[in-house]
Amino acid sequence: MELKMTIAEITVFLEKVFPQIDKDFEVISLAVDEVVVRMRVQDRHLRPGGTVSGPSMFALADVSYYVATLALIGPEALTVTTNCSIDFMRKPAAHRDMICKARVLKLGRTLSVGDVMLYSEGIEEPVAHANLTYSIPPNR
Amino acid sequence: MELKMTIAEITVFLEKVFPQIDKDFEVISLAVDEVVVRMRVQDRHLRPGGTVSGPSMFALADVSYYVATLALIGPEALTVTTNCSIDFMRKPAAHRDMICKARVLKLGRTLSVGDVMLYSEGIEEPVAHANLTYSIPPNR
Amino acid sequence: MELKMTIAEITVFLEKVFPQIDKDFEVISLAVDEVVVRMRVQDRHLRPGGTVSGPSMFALADVSYYVATLALIGPEALTVTTNCSIDFMRKPAAHRDMICKARVLKLGRTLSVGDVMLYSEGIEEPVAHANLTYSIPPNR
Amino acid sequence: MELKMTIAEITVFLEKVFPQIDKDFEVISLAVDEVVVRMRVQDRHLRPGGTVSGPSMFALADVSYYVATLALIGPEALTVTTNCSIDFMRKPAAHRDMICKARVLKLGRTLSVGDVMLYSEGIEEPVAHANLTYSIPPNR
């Protein structure tokens, strides 16, 4: 497997398909075996107490795995999440960005299967872990 | 099992603990075996094309199961999601509210386990299905 | 949707593709919206104390959802499990058969998505609940 | 965190609590951040074609994560699986043992959360991946 998109190309692509949220996410690094994405935490991502909400963590997991898959298959906007199983393990640190590391474990003809690990930036122990499956459009 | 909160009590409680999002959700009905919640779909919940985003559906699943659990244990703000496995099965209909039906399958001393089904309002076939586990604070 | 196989046809099919295990399972009823399967609990399914093991419950969930899918698509032996998320909620009753109720929530062109509920026979409260996804061979 | 059991101690413990299956499994290595377990594949683990069945892979995932948790908390037989979400990604190689690598991501007071990766021995690409949660008895 090899990369079919650069960070710059994916960033432009996300702006186009997700104009409402692309400012929240920054692709930090891109490799065949690991993609790293930062979520720039905004007030609307927070719960009382200043920690990141579950749906915001889900969004980070989902976008990161989308990026990891696109990096390997090229810009296929119709690639969609079919399953996500997420374990919330620790409370995120207050008022810190979150970092997500995503890896593709199996890239098939119609499915991309892998997982992601979420961290509060600068803290070693993971906050959440998720397995994701994306469906890839058949006629590419 | 019996209900420990009314719709009015839960609505007030959600306003207090989730001031940023409580306007999005409306508890429609409450019973021991099923809770129904509407998400009033707003522009910020949408993807291009007018369909509800995955993270917004996750938020609806999560809030609905939270309500279903609180209805049985009373107002325990510290009750937190530990796991959610969600299957996205169909594209939501554009520009429609979403309806979520939640049921608690096992209410233990420290865990609440159950599932939710998500629908575009007025359409019979479900859009998504999720299993959730919540951790209940031990010293209640 | 309509049924494409009868109980007798599925029973013969299971004998052919799963000769090692087919004696353990009995398809009790078959309908478009629900399939019911019994696991005839044997010593090898048990843990000390006489309760059914987790892998045996997984096997029941898996076979039952396979039957529910085949009933709708016909005999496709290559249909394979791609994901199963299972919640174990209660200890099964000792020395009782188990009953599994399976329903298909979305039958797509390449994926079958649904869930199953497992019971100790004669007891109302469910023992386990699982979501399953099966991949369907494309060239049928 | 540090190890509370040796390979020898865990092996003896498994013989005692799982007399029916302990011969199938061999703990190969034990460390705080990774436990490796071999499943000695027997005829009863196979499907026609000689590949390992889904329930047998589930059993390997489950036992391996049990070992990983016990290694950190000591011999607590009542530790039970509450959730497992497993992705089957590739067909196992025929007539090969399977290897499972397990890691604990969060060891809490009442829950152990982590994941496992399953391989056909000698083959680099993983066959299956699972997230597991175990409930730990409170009064230890």
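As written, the chains take the letters A, B, C and D, and residue 1 is the first residue of each chain.
Operating definition for what follows: a contact is a pair of C-beta atoms (placed from the backbone, for glycine too) under 8 Å apart; a residue touches a chain by one contact, two chains touch by 3 or more.
Predicted model only: the values in this text are computed from it and were never measured.
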Requested in this report: Report which of A-D and A-C is connected by more C-beta pairs in contact.
Outcome: A-D
**Report entry** Identity of the chain that, by mean CA position, is farthest from subunit D
**Finding:** B
Report summary line: CA centroids of subunit A and subunit D: separation to the nearest Å works out as 28
Report task. Can you check how far apart subunit A and subunit C are, centre to centre, with Cα atoms defining each centre and the answer in Å? Result -> 33
Report summary line: Flagged in subunit D as touching 2+ other chains are 82-83, 85, 87, 89, 113, 133
Query raised in the report: Which of the residues in subunit B end up touching subunit D in this complex?
Result: 82-83, 85, 110-111, 113, 133, 135, 138
**Report entry** Complex interface listing, subunit B residues touching subunit A
**Finding:** 17-20, 44, 46-48, 53-56, 58-59, 62, 80-89
Query raised in the report: Considering the complex alone, what residue numbers of subunit D touch subunit A?
Result: 85, 87, 89-90, 105-106, 108, 113, 115, 125-126, 129, 131, 133
